Every structure is written in C-alpha cells, then in structure tokens.
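Both of the next two complexes hold chain A, though its partner changes from chain B to chain C.
Right after this comes the complex of A and B.
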C-alpha cells in the first residue's frame, strides 16, 4: 500500500516545469487578477480599496473603444490563424512526405531561419517593404501601375501580413510532426479502393491531422492575440488591440489596475474561444477531448 | 619553523586583506538613477557617471530600461527602486500626484539650481529641469517645401498623407501637439474641443509612437513634415541629410528633461549632489553638445554652432511654451479615448 501511494520518480521530473508554471504564470496572473479588483496598489498604497470599477469601465465602455479593441484583437488573431494554417498546412504536408533527408533538412532550415531574427527586426523589415515609400509601393508607382501608394501599412492588412510571417513557422513545425506520424498506407489504401487524391486527403489525412491543426491553431491564435510589438508598429492608429491598450495603461497612463482587468478579460475571452474551438474540432473528428 | 604568534598574525592580516573589498563595498553608497540610452547613455556611462562616482566615492546604478514610472510605482515608497528619477515633465507630474517624487529642488539642496533659467523651476515643473528640447516642425528640404513658419503649415493640403505626428495616448510630443492645436485654432492650450476639430482636419496623417520612428520617417521621406523636437533633427547635422528643423512663430513646446528625488530615498544627500552635478556648467556643456539639448544652466557657454541653434539666451528661451501637465494628466483617459476615435480609420 505504501509503495502504491509513493509518487513515481518520473513525477519528480515534472517538478521544475511545475515550479516555472507556478512562478511565472500562476503567481503573476494571481497578482494581476487581484490588482484588477483594487483602486490602487495595496502593497504601496494604504488607501487602496476593493472595487469592481475597472471591470465596469470595460463592460459599460463609455469611452467607446474597449469593445472595439477586444473585437479587433480576436479578429486579427482569427485571421492570422486561418492564413497561417492555409499557408502552413501544404508546406507541412510536403515536408512530412518528403523522401529526401537533405531536402527535408533544407526546407526545415528555411522554415526555422526567420525565427533566428528578432520580431522587432522582422517587423521593421516589413515596414520597409510595405510603407508608402517602401519597396512595393515605389515599384508600383515607378512602373505606373498605380498613381498613388497603396495602403499596405498602418492598417489590419499590414498587421496580419507581418504576424503571419512571424507565426507560420509555429504552425508548420506543429503540423509536420503530426502529419509525419500518419501512416501513408492509409491514404494508399483509400486510393486503391477508388478514392481520388483529393478525396483520400479530405477523408483520411485531414481528419487524422486534426490534432495538429488544433495544436498549431491554438499556438498561433494565442501568440497573435497577445502580440504587442507588431500591431503597434504596423497598425498605426487604425489598429488598437487589447495588448496595446494594456501596455498603454501600464506604460503611459500608469494604471496597472485597469491593465490587470483588461488582461483578465483577454484571458477569459480567449479561454472561451479555445474551449469552443476544441469542442468543434473534437466533434468533427468524432473524438472527445481532442486536446 | 613558524611560531604560533606569527601564524596568528599572518592569518589576521590575510583575513583583513580578503575582507577589505567587501567591507569597502558595504561602506560605499549606491545611487540608483534612471537615465536614457542612445548617445545620451553613452556619454553618461563613459564620462559623466564615472566622474561622479570618483568625486563622491559612490557607485551609480543606472536603469536605462524604459518605462520607469511603473517600476517605481511597484516599489515600496519607503525603499524606492530609484533615488533620482529622470523622465520628461509629464511623467514627473504623474509621480508627484502619487507621492513618488518630491515637489521642488531648491538651491539649498542643489546650489546650481540658483543658476537655471526660470523655465527649469517654473510652476509647470516638479523637481528641476536640467535640459529642454524645443518641439517644432521637422521637414524635408528636398521636396520643394518652404521652411514652415507656423504650426498651421502642417495643415497644408499638399502634405496630405505626408505629414506626421504621434499616437497621442502614448507620446508626450503628440500630447503637446494636441494642446498647441487648441492654442492655434481655439482659445488656448486647454481648448480641447478646438484641438479635436483641428486634429480631424489634419487627416490623413501618419502617426508613430516614439520620436526615433519619426526621425526614421523623415529621413526615409515617408513624411515630408512632422512634429519633432529640435535635437531629433540637429543630431543629423554634418551627415548630409535633407532634413531641417523650424521653430514656428507661435512658439515651440518644451520637452524638458527633469530630475527629481524620491521622498523615501536612503541617500538623499547623494541624490541632491547628483542633481547639482548634472547642473554644473561643464556637465551641461558636455551633454548639450553631445545630444543637442538646450541647457538649463544660464552660465553654460556652448560652442558657436550649438549656441546658434539651441535655446541659450533669454530671448530664445522666451519662445518656449510649457504645458500644464497636471491639468493634462487629470484628463488623459478622456482625451485618449476621444483622439483614438478621431484618428481611427
């Protein structure tokens, strides 16, 4: 009995990860959530009192910008995820089915290479390409294709382009592992039974790769909705997301309590979307509790 | 053979020698400050701070990771993260409202304060300003534009889509520009309705969140004219860049570099000494010529090329307009929401 209740030695290996999770997620989130219910910082200000005013401020949105910011955040996250999936899936499928080891290594390097450069640098590179005097607009105007520069930047389009570039590798790497583990013979069996290439893919490979689609999509969605640097630099005044508002509240309005409330709202809304997405995909794949 | 006495003596000397650095370190006071990066930071770290440490036999711990105010807010008031806070004036007012910094620095605490221009200790300043920049208009000289003489020149229809300013909620230059619009088109700096209306008229306008980005946009030709501080343009002098700075006739807005001491500092005397040191004419000259900031100390004599362009006389200083940040900060949330809606789309 005593032996049965003793934790497995393997369980101890989880301890560092658990400690990191508690120290760098649970604890900061707890502090943030607590702060969001205070009028000030209770640790440094004895006059700080409990209040729900920060949540009321968001819910009633008398300023008329917070609901728009939440919707913009989710919209940019969803579009980035869908575009990343559309670009990443074919690439991941190709990589997973590639016979040549050298070819696989080269494509893998090409996918990973952008991740070796910082997000700020990559975003500035996109600014150089998409701005009014950037590479694309300069060429289009010089060639007489357009008379004035196209609005490629300082809007959601430019923001999504840069985010997709940054997050596609996450989608590809996640999908490659899952697709690579799907037995090719299943697809071959479907084809030998008369299914065309497309039907074999749609009815065999695609459903079996749903766990990868789910994992990759959640990863890209989570990264996109929490992105700050890229929407700030690429969005101009046309894009206002919750992370930008949170940074604004902390860095220039010096209101960490309202920033905490915005953070809690973003997390709760994201969790709801993730749960719904998980359930839909689970139902589609005929499994329960897919992830 | 070593006697017991010799052994004990030698051991005592050795122990004292080994312990000496830590004892010395324990006695050396540390001054915790904030300071900028870039060229300013280079000069501070290479010259100003080592000289201060040597003279005052202390160590200086300088934080260059902006923003500083949230970090100060999170630290206990009786043991603050910084002894001296260096920020622009708007942030000092936020800190003062929360009791995080002192009100005024007087000649009693820092004798060189007696030699500063009135703007450096005016009622628009908490702490003491050690430098200022002039916020005006930067423009391209290769676009056939006449040198702007008025802030209203930014509204020239020819500049549609090629004019630049800042994302007002996050940048004090943008906030200054908004107040200036109230003065230009309304009853004064605090006429927000007139300012909002004028801001609407400036669309399409390119807005950025920090001055470095505006410099980049001017240099790349992405904007032909934009709101910027004089040092953001003058620093490219001698690099053959087609950009120049204009001081509008209505006056230039002040972008002050302000130092202040935290009330809970354990080394207040050293903190005041640091502020006094930063106001010394030789320190002021070094930094003013290094980064093109106008010095606060009246006794500073700059070299001719700097003296010509920076605010170094009573007459030039009279063109400075200092915003009332206490008034602005009290309304910032409402202003942020309003301008966000105006500038979206």
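Right after this comes the complex of A and C.
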C-alpha cells in the first residue's frame, strides 16, 4: 500500500465542511445531551440545576408510556425492515441481473422517483388509499367483498405499509450494489452441476448477498425508528413512537429538557446501528478492493 | 444462456419472477399515480372513483396565501441550500479524494452520518442550541440545518465521479507543465462538475421536501411547505393537498430526468 504521506494543500478544502459539521452537528448534539441533564434552560433561567430526573422519569416510567413507546418504535422498525427486505430483494435481484441497459435505467428511475417525493406527500398518498373512504375500502365495499370498511389506517398496519413504501428504495439500492458484484457464473456453475434454479439461488447467491442484506436492513431499521411524519399521521391514537413523544414534549408540553433525554435514548440506539452498518460497509468495500 | 432460455416454450418460474417484480413496481409507483387522480378530481373530499377532471384544487392551492407563501419560502431556502451544499460538499469531496488525509474512511463515514442519525434529533439538537444561544429561530438557522443534511449527497455524488475518472489525466497535465492550480481549474474542476451539480440538484430536493429537520426550527407564519401540508393534513384531507403534492412530485420527476442526463442515476447506487 501507499506509504503514509503528508496531506496535500487540497486537504484545506475540508475546512468549510468541518466548520459546518462542528458548529451545526457535533456541538448541537452535545448541547442536546447537556440540556438533558438540566432542569430548565440555564441561559434564561438562573435557577436551572443539574439533574438526572429526566432519565429517571424515562427509566422508572410511572405512567407506563415511555417503555411502551420504545417497544412500539423498535417493533415497527423491525417489521418495516423485514417487509422491506422481502419486497426489496426480488426487485434488487431483478435489477442487478437485468441485461438491457434501458430496462435497468427505467427500473432504477421507478425506484428513485418515490425517494425524491417528500415523506409528507407519500404519507398523504397512503392516506388516500387506506382510509375508510379510500381507494381500497371503496372498491371492497362496492364489490361487496366486505360490508363495512376495513380498519387499514390509524393503526400499526397502516403505519408499517407507508413506512415500507418510503424506505424500501434504500433497501433496493443497497442490495442491488451487492448482488451486482456477485459473479453470475457462480450460479451458472451450480446449475450446470445439476442444481435447480431455486437451489442455485438459495445456496450460492443468497449467502453471498448476506452482507448486503445486513447493511440494507440496518439502514432501513435506522431510518424507520426515527420516522415521525408517517406514524403520527397513519397511526392515529393507536401508535405512539419515541419520535412522536419527543415532538409532544417540545410542542405541547414544552419540556425540551425531557425531550433531550428521550433524544439521547433514541440517539444511542441509532448510533449502535450506524456503527454496525459502517463496519459492514467497510468490509464490503475491502472485499471489492481485493477482487 | 439466452438461447437455452428461448428454447423453452414457457418458463413458469421466470413468469412468476417477472409478475412478482411487476407487482412490486406497481406498489412503488401506484401511490404517486393516485395522488394525480385526486389532484384532478373535483369532489370536495377525497373520494374514489374519481368523477371528473378539473383544475380547481390547483387553483385553490395557488390562491391560498398560506400555501403560496410556504411554497416561495421553501423554494428560496432550497435555492440557498443548493448553492451552499455545492460549494461545501464539492470542496469536501475533493479534499477527501485528493488531500492525502489520514483517517479518510472515518472522515467519509462522519460526513455521511447526518443521513443515518434521526433527522428529527438533528432538528431537536439545533432547536436547543439556538434556544441556548438565545438567537430565536432565524431563517438562516433553518438554511444551515438543511445544508447539513444535504451536503452528504453532494459529497457522495462528487466522490463517485472522482472515483471513476482516471487520475492519470491530472498527472498528464502536470507532466506537460501545468501548474497545480491550473490542473485544478482546467482539468479536475470540469471533470467533477456533473457530480457536483447532480448532488446539488439532490440537495435542492432534500431541502424542498424536508420535514423532520424543519419541524422544531420553523416559526409560525414562517413555515415551509411540508410543514404547512402536514398541519393541514391533520384536520383536512382535500384536493388542495393532492394538488400541492402534485407540484412537488412534478418537481421531483423533472429532477430525476435532469440527474439521469447529468451523471446517470448509477452514482446514487454506490454508497
């Protein structure tokens, strides 16, 4: 490998980005962590004191809602991830193995176009589909399949459906890259040795794409546990997640310090996932370098 | 292999595979198409099937100051974010790729981390910092927040372009007597331009559609379009929302086409 050499003058171009990230990213997260240990805003309230009461409130959870919210957040994240994987894998496989360049570009556009549509807009789209007078229920009632509308929205089901739609492109893009790098001839070799197509896939391609599955799943999980718009619009009164709780504390209870403590909890969960994700990504690019 | 495939009269496995993928594509695209139907449907509430075609909801959208003010504010912020993130992200990517920096992969992961950490927390952290600093919630604070979550896209697309082009082009220019400054301005910069622009366009969309980062940072009467739509949707679901959605979908679609022309969408696939 290259002998360690001194940074070139071009390295100075990093300065603006570094400044932006220190001032508007690292420092604010430090402030959030600090505020979570204060009783109030120390800048405006001279009586504000250091305390761990916000964390105690979360840990002892006398009202019994914070732990529920944490579990709901993780549960919705997990289900969203699994469904995204089941939906994303066939699409990614199809795209990675597609011979036609035009076909590939078209499918890629179809995957990226929803990503470029805002979360609020996509959640709205699902509300028009899943609500009582929405597309699905109207059709089901009109065709006489059900007598009254199915509860498709204002619950966890609707939340997960919309979240999957919003985050599945991330799964597809991660998987496509990994599956595309698997040598197709390996599968062909397995087939010429007598394996059926399904067996060749299950025993050759699937295991080789495992790092992609893991990376994509971690990404979707990290994104869906931090979702706010979709659970609050699609979940109704049935769903309360950590990000919704945080917004409540800031907006209606005006307790930014407790919101900070809840934020630190969510941040710790996310950081664990991000670190794992980066490990896998680093290993993937390492393998690519050797190939 | 293709020949062998064509010899078989009907391949049930392949047909199932293609049908499945067709259904999945429908799942991805149908919601967007349905929004268009509702935007053009004249009934006062969202109802299906549509009864006709009208532009009344687009009219309502563009005649309601609440919406148009928010639209202009969002466009203005996104424009600022576009410029800022091009400059900051482009420079950062060059430094990462050509600066001989120690700990490069760590730095790259660090600059990508706003995309992975909960955006609502980025908003909360900035909200608390502005609160602590006693500066209120200025528009520039919102612009910086959006820039922070947009810069990673510019870094990513620029790095992808830098990764693909042959470094020997720069070396050749240097060997032929060009000074490092001249190599930079006449070789490197034109080569990375499409990557930087593509990232900038992406940054524009990220800012225009941004919700979680904006949530705590907007002031009443100074809300961006997604925040206005969100608040409206909590109480009312009519065609105006569909029309507003359509405006932002059309914007996004035109951006996809521009991106494809500029650098090809493939650059987004690689992380």
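Everything that follows uses one rule, which is that the second predicted complex is superposed on the first by the 244 of 291 C-alpha atoms of A that agree within 3 Å, B and C clash if a C-alpha of one lies under 4 Å from a C-alpha of the other, contacts with A are read in each partner's own complex, and residues count from 1 in each chain.
Assume a residue touches a chain if its C-beta (ideal position, glycine included) is under 8 Å from a C-beta of that chain, and two chains touch if they have at least 3 such contacts.
No experiment lies behind these values; they were computed from the predicted model shown.
K.L.:
Chain B or chain C: which reaches more residues on chain A?
P.N.:
C
K.L.:
Mind working out whether A:100 is in touch with chain B, chain C, both or neither, as first, second, both or neither?
P.N.:
In the superposition, A:100 touches no partner, neither chain B nor chain C.
K.L.:
Quick one: classify A:154 as touching chain B (first), chain C (second), both or neither.
P.N.:
First partner only.
K.L.:
Once chain A of both complexes is superposed, is A:41 in touch with chain B (first), chain C (second), both, or neither?
P.N.:
Both partners, chain B and chain C.
K.L.:
Between chain B (first) and chain C (second), which does A:256 come into contact with in this model arrangement: first, second, both, or neither?
P.N.:
both
K.L.:
Touch test for A:6: chain B only (first), chain C only (second), both, or neither?
P.N.:
Second partner only, chain C.
K.L.:
Please indicate which partner A:248 is in contact with in the superposed arrangement: first for chain B, second for chain C, both, or neither.
P.N.:
The first partner, chain B, only.
K.L.:
Where does A:133 make contact in the superposed view: on chain B (first), on chain C (second), on both, or on neither?
P.N.:
The answer is both, since A:133 touches chain B and chain C.
K.L.:
Intersection of chain A residues contacting chain B with those contacting chain C?
P.N.:
The overlap between the chain B and chain C interfaces on chain A comprises residues 41, 43-44, 131, 133, 233, 250, 256.
K.L.:
Can you name the residues of chain C that touch chain A in the complex?
P.N.:
Interface residues on chain C, with respect to chain A: 1-2, 13, 17-18, 20-21, 24-25, 27-29, 31-32, 34-35, 38, 45-49, 87-89, 91-92, 94-96, 98-102, 105, 107, 109-111, 113-114, 116-122, 124-129, 131-134, 144-145, 147-148, 151, 155, 180, 184, 205, 208-212, 215-216, 226, 229-230, 233-234, 237, 241-242, 244-245, 248-249, 252-253, 255-256, 260, 264-266, 268-271.
K.L.:
Tell me, which parts of chain A touch chain B in their complex?
P.N.:
Residues 41, 43-45, 63-65, 131-133, 154, 232-233, 236-238, 240, 248, 250-254, 256.
K.L.:
Within the complex, which stretch of chain B touches chain A?
P.N.:
67, 69-70, 73-77, 94, 98, 161, 167, 169-170, 206-209, 213, 220-222, 332-334, 336-337, 340-341, 343-345
K.L.:
Give the list of chain A residues in touch with chain C in this complex.
P.N.:
Checking each residue of chain A against chain C gives 4-14, 16-17, 20-21, 23-25, 27-29, 31-32, 35, 41-44, 87, 90-91, 94, 99, 105, 107-114, 116-129, 131, 133-135, 138-139, 165, 168-169, 173-174, 176-177, 188, 197-198, 219, 222-223, 225-226, 228-229, 233, 243, 246-247, 250, 256, 259-260, 263, 266-267, 270-271, 273-274, 277-278, 281-282.
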